[in-house]
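Every chain is named by a letter (A, B, C and D) in the order it is written, and numbering of its residues begins at 1.
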Amino acid sequence: MKYRLKIAEETFDVDVSNLDSEQDLRFTIGEKEYNVRYQAISDNYFHLIMNGKATEVFVARGEQGKHIFVNGRTFLVQDEDQLPIRRARRRGLAETPGEVTPPMPSVVVRILVEEGDCVKRGQGLIVVSAMKMQTTLRAPSDGRVKKINTSIDAKVAPGDILVEIEEEVENE
Amino acid sequence: MKYRLKIAEETFDVDVSNLDSEQDLRFTIGEKEYNVRYQAISDNYFHLIMNGKATEVFVARGEQGKHIFVNGRTFLVQDEDQLPIRRARRRGLAETPGEVTPPMPSVVVRILVEEGDCVKRGQGLIVVSAMKMQTTLRAPSDGRVKKINTSIDAKVAPGDILVEIEEEVENE
Amino acid sequence: MFKKILIANRGEIAVRIIRTCREMGIQTVAVYSEADAGAAHVLEADESILLGESEPSKSYLNIERLIAAAKNTGSEAIHPGYGFLAENPEFAESCEAAGIPFIGPPARVIRDLGNKTLARRIMESASVPVIPGMLEATTDPSLLSQEAERMGYPVMVKAVAGGGGKGMRIVLNRETMEEACMSAMSEAEKAFGNGSLYLEKYLKAPRHVEFQILADHHGNVVHLFERECSIQRRHQKIIEETPSPAMTPSLRNAMGKAAVSAARASGYVNAGTIEFMLDRSGQFYFLEVNTRLQVEHPVTEMTTGIDLVRQQLEIASGNHLTFSQEDITQRGHAIECRIYAEDPEANFYPSPGPVLLHREPTGPGIRNDSGICEGFEVPIEYDPILSKLITMAATREAARERMIRALKSYVILGIRTIIPFLIDILSSPEFAKGNTYTDFIDRNFKNWSQSKEDEDLARIAYVVEEMTYFNKPATKVKNSGWPTPWETLGEWRM
Amino acid sequence: MFKKILIANRGEIAVRIIRTCREMGIQTVAVYSEADAGAAHVLEADESILLGESEPSKSYLNIERLIAAAKNTGSEAIHPGYGFLAENPEFAESCEAAGIPFIGPPARVIRDLGNKTLARRIMESASVPVIPGMLEATTDPSLLSQEAERMGYPVMVKAVAGGGGKGMRIVLNRETMEEACMSAMSEAEKAFGNGSLYLEKYLKAPRHVEFQILADHHGNVVHLFERECSIQRRHQKIIEETPSPAMTPSLRNAMGKAAVSAARASGYVNAGTIEFMLDRSGQFYFLEVNTRLQVEHPVTEMTTGIDLVRQQLEIASGNHLTFSQEDITQRGHAIECRIYAEDPEANFYPSPGPVLLHREPTGPGIRNDSGICEGFEVPIEYDPILSKLITMAATREAARERMIRALKSYVILGIRTIIPFLIDILSSPEFAKGNTYTDFIDRNFKNWSQSKEDEDLARIAYVVEEMTYFNKPATKVKNSGWPTPWETLGEWRM
């Protein structure tokens, strides 16, 4: 059985096969090999012995993938082949030049510009708030505000394009 | 919607209907009436407000019915109409005269009589053990041991007939 | 003692107050907003009252609705918790006006101490050392800039009504002063309804050491020793402990006396905290008074054996303190970690959302004051504190090791938390040595990112879960179940 | 300090030992029987070794296999926990012979003190008061009957190798003497491999008060104050607390000194407990020494702030005690409830089976030492202790109220526990008054049965669960899920 499993932005091929017993598995992940003995304690709770080392692991199925707890760390693990739409989940500033998206689920508290305004790279455009933390979304480059797709008190999420900036304003 | 719900040996008719909202129910249980507002927090965890009083309730589905936690007490609640076979789950001595069943899931550690033996009411027949507690199963009446249906180290459960005693031994 | 009280708060602190009330036989009334209908404090309270929409101003900050809820439920007192209206003198006054005791200091004391410049004057009059700074607050940025020039950069811009890092900025030079003032003012206006700012000389990397005090209505004031709260990120404390690694018996004695003087000078009643900055030479300066139960109060409870919420209730109902300063002893060492819903892989952005799985650490010397439960959707509207994990042991080192174990066994899935960050801090040599200054994070963990060490294990777990999910034995109850009327009998029962 | 130890036990005590080891950086090796493959102690340990079949003699009581497991894993010491082989001198000897330190007293001390009649003689020689009784054990019922006649009924028949109520009988008159001896002998033979019995004068309704001691290899012996363990059922303790409600400072001082003398007289090393009977006049009598960590050790840990398992490890590795008697202080009050898997609705019969749901109580002053987890099938073969719930507060009354709250929020579903019984005991006026004598249960709760008060709520919950089970929103993850290769893609990946 093969999987392509993604954590953060990294995807690895995962190959798994059964060894002698049902509870004994052999994994190949990228270049690495692991012998794993597992025991399912409950729906969410597993005991893994990986190359002789025991670990307790917790797994919960969420909307975007499986949330997995290992040794105090948690990971969102996604099956590349199961991601129905490859949402460009952005962290921080938008990757697409000119599009401004919030880094976290948040509420719009202030809009600092209007459509048509000229803005400088780094200028504040929109202030969003989540859990009492305010973040100012800034212009990724010099340009003109082409479109504002949100309003005060709107709930927004990463990937939502709140402001579009036109870059070509050289001749003004 | 009607239910017949059994706790321990008592069964009550339970009648439930919706009030104005989906979360507001009206129950009739035996003679009593209850207005209940409920909220499902997770699969096993419910918040009930019964006649204005709030309680946290936990429910787990088991093989014999639902195990329900309320205010530090737990109850096994069974739907009479769902009990496929009405196992005579006995507590303590068997109700059927002459049949001896253990009061708990246990292991047979000693058999004190043989088939054919005459026994007196109260005489020890079999010693079972569970969780380091030994219990002697005693003859429910004078009689003769007709049949022994178990052996040392056997795992037994309430309802299993371990020894059968014939009562009519007047003429011996 | 009160028979029933209303708790004008949410989350872990509301739950924590409910627990002591239940132990004292006091009925509790929870209040909640629409986002919190399934919140832990609602589930654990004896009664609960919906205040309104999720926006704080329509629920937890709405004085009128809170007073009405208290009256309608026959609540005999109101506990404000921390945050929200806890340090709002108008709220305390409204409670007093409605004849419902406010479990905290009198409104006048809150007002005096909440005004940071007035608080400074009170402390100076009581010979409590204060840090150089402005005595008047203002909303005029140019006045602030003038003062900063006079005092010399770096300076700290602070909201006069502030707390918890809101409306606070460190300004290193004149170029950034104006923008800092504007944004601090706006933040303070939003958070406290008051945008006035003042300045303080900025001490580089001091320790933040505070003293817990208790004062009854009969003039008895005691302190319950210190808490060290230097480990902060974005001006938010994240780890607190007691005793402070920097403390000596004589310094403790001097600071404890100063704390009691500060409380007496302000006419303090109920539980409060006197915050100090402690510089590397052992000089300490009054910072501010937090006129409420502190987030980090559990470390004091664990090392003194005194339940502070119980004391708050006893004091508010007019009882005398049952112990004097000599009766209070400090034993062992306690550390608290605040479990924030923030994504350590994404610049610590807030991480609201559903709690899919919640397994709390247990065992000797571990306490977890949690405000969440499985199935709860952590709202976007409120503070990101999910819970506070506290460990205690005989020594600092043992408490630290215990905290690492506890953090590593604390399972919260569905939202992200700072637990991995906390584990790395607790495991660091600098923390182990007690080198905890307010610049600790910047100095040691500026570019921290979560280790990738266990990612393969997580991938393996993904597959194992997949395999067992579709291979559950037929005897397994959850999947097989017994037939139910909903499945087999249709509607004949209706 | 050891780098790795093997824990020759299971359940809550194995888990508790693992936790301290982890905090100290010591690797742990769990051992288990077939019934315990999914047990909590296996899941939490760094390594685990299957010993054999579920029957104790083939696993947890099998000395040969335990020693082999220790050797094969490179374990540097063995912790026996309590029960099983903890007080078996042959086991301690085997460990010594294999060059693996046994974390407990030397085999000789275990043997001497395990022989109850020899223990009496040792105590008499050290002027520790002992209860009138036989000095020689026997397997001859008629000899026992003769002694009983001489001493006068009621008498207590006790197994010379006994502990935990096994092989123990109270005999009120000569008619029941012989059967009592026979059954005690058989029980002792089964449990300890030694059926020898002896007699003691039976004191009516004394208190059971014990003292915790610690002794290092260098002649330092201290006590850590008392525990009151009078609340027993079927000679099993169910509730323990400290301080004892019966204790005065002078009595505490006298008993503490006697406990230290007893430890010194026997050449004791490591942690141990000196058990006394305390009659209503304040006279106390030596009962026995438990040469191991006691089930109820957490109440001592919580009131003294000392981790007893850590001390055991330090002592076993040859270190000196780091504190003297004057350094040890008692603060606050702690209560422990043992959570047994017994059905309170069915005569307290054992209740093995699956743990379907497990939610532990949390919050200030609560500790739960649990040996179970959700998904575990509690085996029929072993002790019914599932966990131990401990609460601590400033006063006995506050600890009692806290325990009631904790018990009421402790959810274990699938098997039955004595929690409802414990709640009623803790809530009773006699317990609140501290009238805790060994006949407490007989006197106050002889015909106890679980209240029917909440049965209607349980019926309502049944229906509510049914309704939500079949009305789950389609967006709910667990039911809908996303398609997976097992469902949608068949075997193309293989």
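Following the convention adopted for this analysis, a contact is a pair of C-beta atoms (placed from the backbone, for glycine too) under 8 Å apart; a residue touches a chain by one contact, two chains touch by 3 or more.
Being a predicted model, the structure only gives us computed values, none of them experimental.
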{"item": "Between B-D and B-C, the pair joined by more C-beta contacts", "value": "B-D"}
{"item": "Centroid spacing, where centroids are CA-atom means, of subunit B and subunit C in whole angstrom", "value": "48"}
{"item": "Distance between chain centroids, defined by C-alpha means - subunit A, subunit B (Å)", "value": "51"}
{"item": "For subunit A paired with subunit C, centre-to-centre distance based on mean C-alpha positions, whole Å", "value": "29"}
{"item": "Shared-contact residues (touching 2 or more other chains) in subunit C", "value": "356, 469, 477-478, 484-485"}
{"item": "Sequence positions of subunit B contacting 2 or more other chains", "value": "1, 3, 40, 56, 61-62, 79"}
{"item": "Chain contact topology (line, ring, star, complete or other)", "value": "other"}
{"item": "Interchain pairs in contact, sorted by label", "value": "A-C, A-D, B-C, B-D, C-D"}
{"item": "Residues of subunit D defined as touching subunit B within the complex", "value": "166, 187, 190-191, 234, 341, 343, 345-347, 349-354, 356-357, 359, 380-384, 407-414, 416-417, 419-420, 423, 450-451, 454-465, 468-469, 478"}
{"item": "Residue ranges of subunit D touching subunit A (in the complex, touch as defined)", "value": "37-38, 42-48, 373-376, 477-478, 481-485, 489, 493-494"}
{"item": "Subunit C contact footprint on subunit D (complex, rising order)", "value": "15-16, 19-20, 22-25, 298, 301, 305-307, 310, 329, 331-332, 356, 360, 362-370, 392-394, 398, 401-402, 404-405, 466, 469-470, 477, 484-487"}
{"item": "Sites on subunit B touched by subunit D in the complex", "value": "1, 3, 5, 7-8, 10, 12, 14, 16, 25, 27, 29, 32, 34, 36, 38, 40, 43-44, 46, 48, 50, 55-62, 66-75, 77, 79, 91-92, 103-107, 109, 130-135, 155"}
{"item": "Interface residues, subunit A side, partner subunit D - complex", "value": "1-3, 39-42, 45, 47, 52-54, 56, 61-63, 79, 81-82, 84"}
